[in-house]
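Read from first to last, the chains carry the letters A, B, C and D; within each, the first residue is number 1.
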Amino acid sequence: MELQLTAEEQEFRAEMRDFFTTKVSQEIRDAVAAGHELTREQIVEAHQTLNAAGLAVPHWPEEWGGRGWSQIQRHIWNEEMQAAAVPPPLAFNASMIGPVIAQFGSQEIKERFLAKTANLDIWWSQGFSEPDAGSDLAGLRTTAVRDGDDWVVNGQKTWTTLGQYGDWIFTLVRTDPEVKKQKGISMLLIDMTSPGVEVRPIELIDGGHEVNEVWFSDVRVPGENLVGEPGQGWTMAKFLLGNERVGVAPVGSTKRRLARAKELAGEQAHDPLTAARIAELENELLALELTALRVVAHSAGSEPHPASSVLKLKGTELQQAVSELLVDLAGPGSLASGAGDDSALPDWARHATPSYLNLRKASIYGGSNEIQRQIISRTILGL
Amino acid sequence: MELQLTAEEQEFRAEMRDFFTTKVSQEIRDAVAAGHELTREQIVEAHQTLNAAGLAVPHWPEEWGGRGWSQIQRHIWNEEMQAAAVPPPLAFNASMIGPVIAQFGSQEIKERFLAKTANLDIWWSQGFSEPDAGSDLAGLRTTAVRDGDDWVVNGQKTWTTLGQYGDWIFTLVRTDPEVKKQKGISMLLIDMTSPGVEVRPIELIDGGHEVNEVWFSDVRVPGENLVGEPGQGWTMAKFLLGNERVGVAPVGSTKRRLARAKELAGEQAHDPLTAARIAELENELLALELTALRVVAHSAGSEPHPASSVLKLKGTELQQAVSELLVDLAGPGSLASGAGDDSALPDWARHATPSYLNLRKASIYGGSNEIQRQIISRTILGL
Amino acid sequence: MDFTYDDEQDALRDAVRGLVGRAYSDFEQRRQTTKADPGFSEKVWTQMAEMGVLGLPFSEDDGGVGAGPVEISIVAQELGRVIAPEPYLTSVVLAGGLVSAVGTTEQRGEVLGALSAGESVLALAHDEPGSRWSSSATAVTATEEGGSWTLSGVKEPVVHGARADLLVVSAALPDGGTGLFLVEGSAAERTDYATYDGGRAAKVTFSGTAATPLGEAGRDVTASIATVQDIGRIMACNQAVGAMEVALRTTTEYLKSRKQFGVPLNTFQALNFRAADMYVSLELATSLTQWATMVLATGDAEATRDAAHRASLQVSRASRHVGQEAIQLHGGIGMTAEYSVGSYVSVLTALERLLGDGQHHLSALAGGIGDYGSIDPLP
Amino acid sequence: MDFTYDDEQDALRDAVRGLVGRAYSDFEQRRQTTKADPGFSEKVWTQMAEMGVLGLPFSEDDGGVGAGPVEISIVAQELGRVIAPEPYLTSVVLAGGLVSAVGTTEQRGEVLGALSAGESVLALAHDEPGSRWSSSATAVTATEEGGSWTLSGVKEPVVHGARADLLVVSAALPDGGTGLFLVEGSAAERTDYATYDGGRAAKVTFSGTAATPLGEAGRDVTASIATVQDIGRIMACNQAVGAMEVALRTTTEYLKSRKQFGVPLNTFQALNFRAADMYVSLELATSLTQWATMVLATGDAEATRDAAHRASLQVSRASRHVGQEAIQLHGGIGMTAEYSVGSYVSVLTALERLLGDGQHHLSALAGGIGDYGSIDPLP
C-alpha cells in the first residue's frame, strides 16, 4: 500500500502533461473543453499529433507502435490527456479494430492495415449493432455469403458513430446460419467506397448527426478481408468490447467538466445546495478514479477485470450527472440551444442541454448499464 | 374538481379532531407521539374508547357497528386519528378478521365473534406467514385434517405480530393437499388457549419482541370455527390483504413524526441541507396524502384500487425516511439506545435508532415493496 | 373535496384531444411541424382559437370565455400529451395572463380579443441573460420623456419572440420596480433560433424602442408578474403531467412489443420494476399538480405561490426520473429524433427551465419550513 | 501508487482473521457475547493483546509495536467482517491514540504499555449531550487548585465507559480551549447500558472528580483531538468496509439459496440488479477508504482531514445503501436478532454516528469546493 507515485512515474506524468498541454493544438483543446463537436479534420490532426509522438496506440504490441507501458503509465497517459482536453485517439482505430487485428489477424492483414490504422490514415467505422439486435449482439442478421473468393454482404448496421467520416468499416457478419448463433459470426473489413454501401444519417435528440445507419446491398468483399477464421467473430467482439470497457469510465474528462462547472457557477457555487451537490459529485468521481486505479493495478493481460463494469456503470452515471448540473447552472438561458454567437447568453449555457440530452446515450451504448449490472451480478456475485 | 371540503365534511372533521384530542387518554397519546411501545392494556383502553363512540369499526357493515361513511369521511377519520397520535383500532380485529367474518361468515359465527371483535374483548392474532413461504403465501404448509367434527392442526406460523397478547388466532391452513395450492386453503379460527398451541417470541434487530412464532401440534379445533367453506381461504386472504393495503400508507402518523422532527431539530433546522431534506420529505408526503385522497375518491366497493400499491410503496419509504432523519438529528446521542430515564440525553434521541431499525420491516411486511412493484407493473401497466 | 372532472370539463378534454390528436398523434407530423418555421402550426392555432381554447382564461368582457384554472389545466394536459408545439403556455397563459392582470380595460379588450381570436400571437419578453426566474427586470430599462416611453436593453431567451405580433415586455422603471409594456413585434430587433424542444426563441434587443405602458404608466407590477408566473408554473406542471403520462405509456408499450434475446423486454423483471417506479413518480406528481390547480381556483395568491412551488418541485423530480428512464428503457431508439420518446424528454427538460427548476422551488420551500407544523392540503 | 498489501500485511490479516474468526464466525457466539456484560469477550481481548494487535499503533518505546495505519486498517477491516464487539476503535485507536499524541513520556509508557498488554481497557469520554462530533469540550469543565485538577459535568454516551479501567476525558480549560485528563474509571459515577449495536455505553458524571492532566497541564489540545478523530474516522471506514463486504456476501448467498414461488430468489432479475448496485457502492467506498488510509500514512494532517471527510461521506452513503438493501433483500428474516445481517446493519448504523454522519462530512467538504479546481488523488 503506497500512495506516492514512483519518481519515474512522476516524471512520466510531467512529460505527458507537458506534451498534452503544449504540443496539441490549443484551438482543438479549447473546442473540446467547450464541449463543441470536432470536425473530421480536427480529430485527424489531434490523432496524428499524438501518433507522431508515439502516444496514439501505446497499448498495442510494441512491434506495431506500442510502448510496453505499465498499467499505471497507461492510466496516467489517459487521465492527463483527458484533463488537458485533448481528444483521445479515435477509439475505432486505437482501441477496437487495431488491437483485434494485432491479436487475431494474419501477418499480411497486419501489414496492410496496422500502420495506417495507428495514424488514422484509414478512418474506421464500427459495424456491430443492428436494428433488431440492440443489447443482444449475437442475434445479428447481416449475412456474408461466399461467392468464389469474395464474400457478398447484405444487411443493415446501425448506431455507427461518425460513420459519415469512415473510410473502412469493421463488421460482424453471419457467415454460417446453420450453427449456434455465436458460432456463425465472422469479422469482415469492408471498404466503405464499395458499391452497395450506403450511409444514412440518424438524427439524435440533441439535433446532432453523430450516428448513422449503414446499409449493405450485395456488397462484394474480397476474401482476404476476413480477420482470422470464419466463425471467430464472436471471440473478437468479446475481446474488443472488453477493451472498450476498460477505458470507458471517462474520469478525466468528467473531472475537467466538473471543475469547469464550478468556475461557471459563479455566485451559485455559494448556494449551499449547489455546493453540496458539487462536493458529492466530486467525491463520487474521486472514488471512481481510485476504483479505476485499483482495477488497473489488478488487471492482468487482456482479459478485462470484472470490476470494470463498475467503472462503466458509475462512470456514465457521473458523466450524465455533471451534464445535468450544467443545465441547472445555466438556468433559463439553457433554452437558447439554437442561438448563434451573437446571443447574449454564454456559449456554455447554450450548449448545456444538447450535451445533457446527447449524453443520455452514455448509459446505453457500449454495453448498456443493464448489461453491466448483469455482468456484475453474474460474474462477480455469482447470482 | 373542488378543493374545499363540504360544510358537512368540515363539521365531521372538527368532530373527529375534537374527539381524538380530548376523549382519548392523553398518556396513551403521549406515548404514541414519543414512539414508545404501548402495553396491551393501553391498546385495549384506546380501542375501547373508540368503540364506545362508534369509531373503532366504522367501515364494517352497519348492522355490526359500521357507520356507512363516505370514503372521504373514512379518510378524515383515519388522518385525524393519526394526527392526534391516537393508536388506531387493532388492525387484526378491525381491518382483518372482522371484515372477513362479516363478509364470508355464517350468521352464527358473526353473532359469536363480531361484537367482541369490534370491542377488542377478543384480541385476534394473525396466522398467515410461514417460515418457508414468505412472500409466496400460497405455499403455506400448516395442515388441518378433518377428524370427526373437529379439525386437527399441525404446523408453524411466523411473524405473528403481538401474538403474545392474542386470545384467538385466525389462520390460513391447508385442508386439501390434493388440489392446486390456492384452492386447498381454508380460514380457521383457533382459540390460543387450546392445548398444542405454543407462542415463541422472535427478537427483532431493535431488541423488541413484537413478533412471534406460533406452533401448532395436534391442535383440535371445532368444525364450527371454519369461516365460510373449505377451500375459500385464499379468496378471504386476498380480500383481507386488499383491505390491509388501502389503509397502509401511514400518512397521518408520518406527518406527525415529521412535524415533531422539525421541533426537535432546533438549530439544525436552519442548516440548509437539513431544511431542504425536510422540505423535500414534506412535499413527498403531501403528494402521497393527495394520492391517497385520489385513490379514496376512485375506490369502488371492496376491491382495492390498484394504485393503493403506490400508497404502500411510497408510504413505507417515507415512513422509513423520516425515521432516518430522526437518527441523523439525534447525532452521537442516538447511540444511547439502552439508556434509562436518568440519561442526560433526550428520550427521542435514544429511541430514534431502534425505531429506525424496527421500521425497516415496513417495506417487507404486509406485501413487500417488491410485491407492490409487481402489482403495479402487472395490474396497472400490463407488463 | 373532489378530484373528478365534470361533464363539461370532460367534453372540453375530448374536444381538445380530438383537435391536437388529429394534428400530432402521428409523431412525424409533430416533427415536421417543428422543423419548419415558426415551429408550430398556424392552422392548429387558428383551430384552437375557433374552439375557444385561446380565450379560455379571459373574461367575456375582454373577448374571452371566462373559464377557470381547471379548464385551462385540461388544455395544458392535452397539449402535453402530444407535446403540441403551439405556444399556449407562453402566449396565452403568461403574456395574455399579464395583459389580463394589469392591462387597462381598453388594452384588455383589444389585445386579448385578438389573442383569443387567433389573430395575434403574444410573447412574453421577460427573461434576461443571467436572471434566474426573477419577477423583476433589470437589464431592460424603461425611460419616460414627455409622456412617451422607450425601452433599452436585451431580453433573451424570448420564447417565440420572433413570431410574436405583440411583445409583452418587462422593464426596470425609472423610479424603481418593474413595469410592463406592449411593443409591436416588428418594432424590436429580433434574432430567431430553434430551441432543443422543437420550439423557437429569440434574442430581442430594444434600443430606445417606443413602448406603450401596460396598465397604469410607471406602476410597479412585480407582484402581478410573480402571480402570473405561479399560474404559469401550475399550467407547466399540467403540461408536463400529460407528457409524462404518454412517455410512460410509450415506454411500457415498447417493453411489451420489443424483443431481445428472443423474448419481449417485459420478461425482464428489473425493467418492469423500473417502469413501476416511473408510475409512482407520475402518480405523485399528478396528485400535487391537480391539487395546485384547485388551490389556484380558490383565488388565494399566497396559497397559490406555495402550491406552485410544491407542484413544480414534485414535477421536476418526476420529469427527470420519468424522462431519463423512458430513454434508458428504450435503449438506442430512444435517442433518435425520429422516435417520439426523446422529444418528450426534451420538452420535459424545457418545461422545467421555463419558470424555475426543482432546486429553485426547493430552496423557496426550505426557507419556510419553520412557519408551520405540518401541511394540511384541505382548507 | 500501489493498492496491494505486502506479505507481512497479509500475514497480519490471516492472523487476525483466524483469531476473531474462531471467536465470531459462528454468529450465535457473537450474539451471546454481546448479550452478557461487558458486551465483549475479555478472552478475545487478551488474545488480541498477545498477538500484539492492541499495541500496533504505539511506538515500541511506549510498549507498542510501532506499526503504521495500513496495519491498523487491516485489523479494523477484519473486526468489521465479523462485527467483533471488542472496543478496538474506541479504546485503542481513539483513547490510546490521544494518550500517544499528547501524553508525557511517562504516561505513554505506563498507559499504553498496559493497554497494549490487555491489562487496561481505556475509554474516551468526549461526547457531551447536544454536541455533534466537535473537537472541543464544553459541558465538562476542568478546575485547578494548587496544582491539583478536578472535573465536573456529564459525558454521554461514553462507549464502554463503565467497563473502562481508565478514562481519557476531554474538558473545557479554565483559560479556554480543551484539555485532556486521565481519570480512574472507578473514580467517576457511571451508569452502564446496552447500545443497539450490541455494545455498551455509559453516562459518566464528574463531580469535582480528581483528574490527572494528560501531557502538559492546561494546554489546549483541540487540534490533537481533531487529528485523532480523523484517524478514528478512517479506521471506522475500514471497519465498515469489512462489515459491508460480509453483509453483501451474506445477502448474495441468501439470494442463491432461498426459494420462493418454487425457485431460488436469484431467479428474480430485479433483486440481482439491486445486489449489483450494492457491489458498486461497496467498491467505491472501499477505494476511498484504502486511499484515505494511505493518505494517513503520509503523515500530512491537513490532507488526512480532507481524506477522512471524503472516506466518511462515501462510506456513509454506502453503509445506508448496502445495509438497508441487505435487510430488504432478505425479507423478514433480515429483521430478526438471531440472523446475522440485521446486526451488521446495526453496527454500520452505529459506526457512522460515532465520529460524524454523512451530512456532517458533506457540509465540511461543500465549504471548501472553491479552494481547488479538481481533486488529484496522487501526490
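As a convention for this text, a contact is a pair of C-beta atoms (placed from the backbone, for glycine too) under 8 Å apart; a residue touches a chain by one contact, two chains touch by 3 or more.
According to UniProt, the chain labels map to these proteins: A, B, C, D = Acyl-CoA dehydrogenase family protein.
On a predicted model such as this, the values are computed, not experimentally measured, just so you know.
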Exercise. Quick one: which chain's Cα centre is the longest way from chain A's?
Worked result: B
Exercise. Between A-C, B-C or B-D, which shows the same interface as A-D, counting it as a repeat when over half of the contact pairs match?
Worked result: B-C
Exercise. Distance from the CA centroid of chain A to that of chain B, rounded to the nearest Å?
Worked result: 53
For this session: Express in whole angstrom the distance between the two chain centres, defined as the mean CA positions of chain A and chain C.
Result: 38
Exercise. Using CA atom averages as chain centres, what separation in Å is found between chain B and chain C?
Worked result: 43
Seminar exercise, completed: Shared-interface residues of chain A (touching two or more other chains) are 272-273, 276, 370, 373
For this session: Please list all residues of chain C that touch 2 or more other chains.
Result: 268, 270, 272-273, 362-363
Exercise. Think of each chain as a node with edges to the chains it touches; is that a line, ring, star, complete or other?
Worked result: complete
For this session: Please give the residue numbers of chain D that touch chain A in the complex, ascending.
Result: 1-6, 9, 70, 248, 252, 255-256, 266, 272-273, 275-277, 279-280, 283-288, 290-291, 293-295, 297-298, 310, 313-314, 362-363, 365-370, 373-375, 377-379
Exercise. In the complex formed with chain D, which residues of chain C make contact?
Worked result: 268-270, 272-273
For this session: Using the touch rule from the top, collect the residues of chain C that touch chain A in their complex.
Result: 127, 129-133, 154, 156-157, 159, 191, 193-197, 201, 203, 258-262, 268, 270-271, 320, 324, 327-328, 331-332, 334-338, 342-343, 345-346, 349-350, 353-354, 357, 359, 362-363
Problem set entry | chain B - residues contacting chain A, complex | 272-273, 276
For this session: Note which residues of chain A are touching chain C in the complex, please.
Result: 129, 132-136, 139, 158-159, 202-207, 211, 271, 273-274, 320, 324, 327-328, 331-340, 342-346, 353-354, 356-357, 360-361, 363-365, 368-370, 373
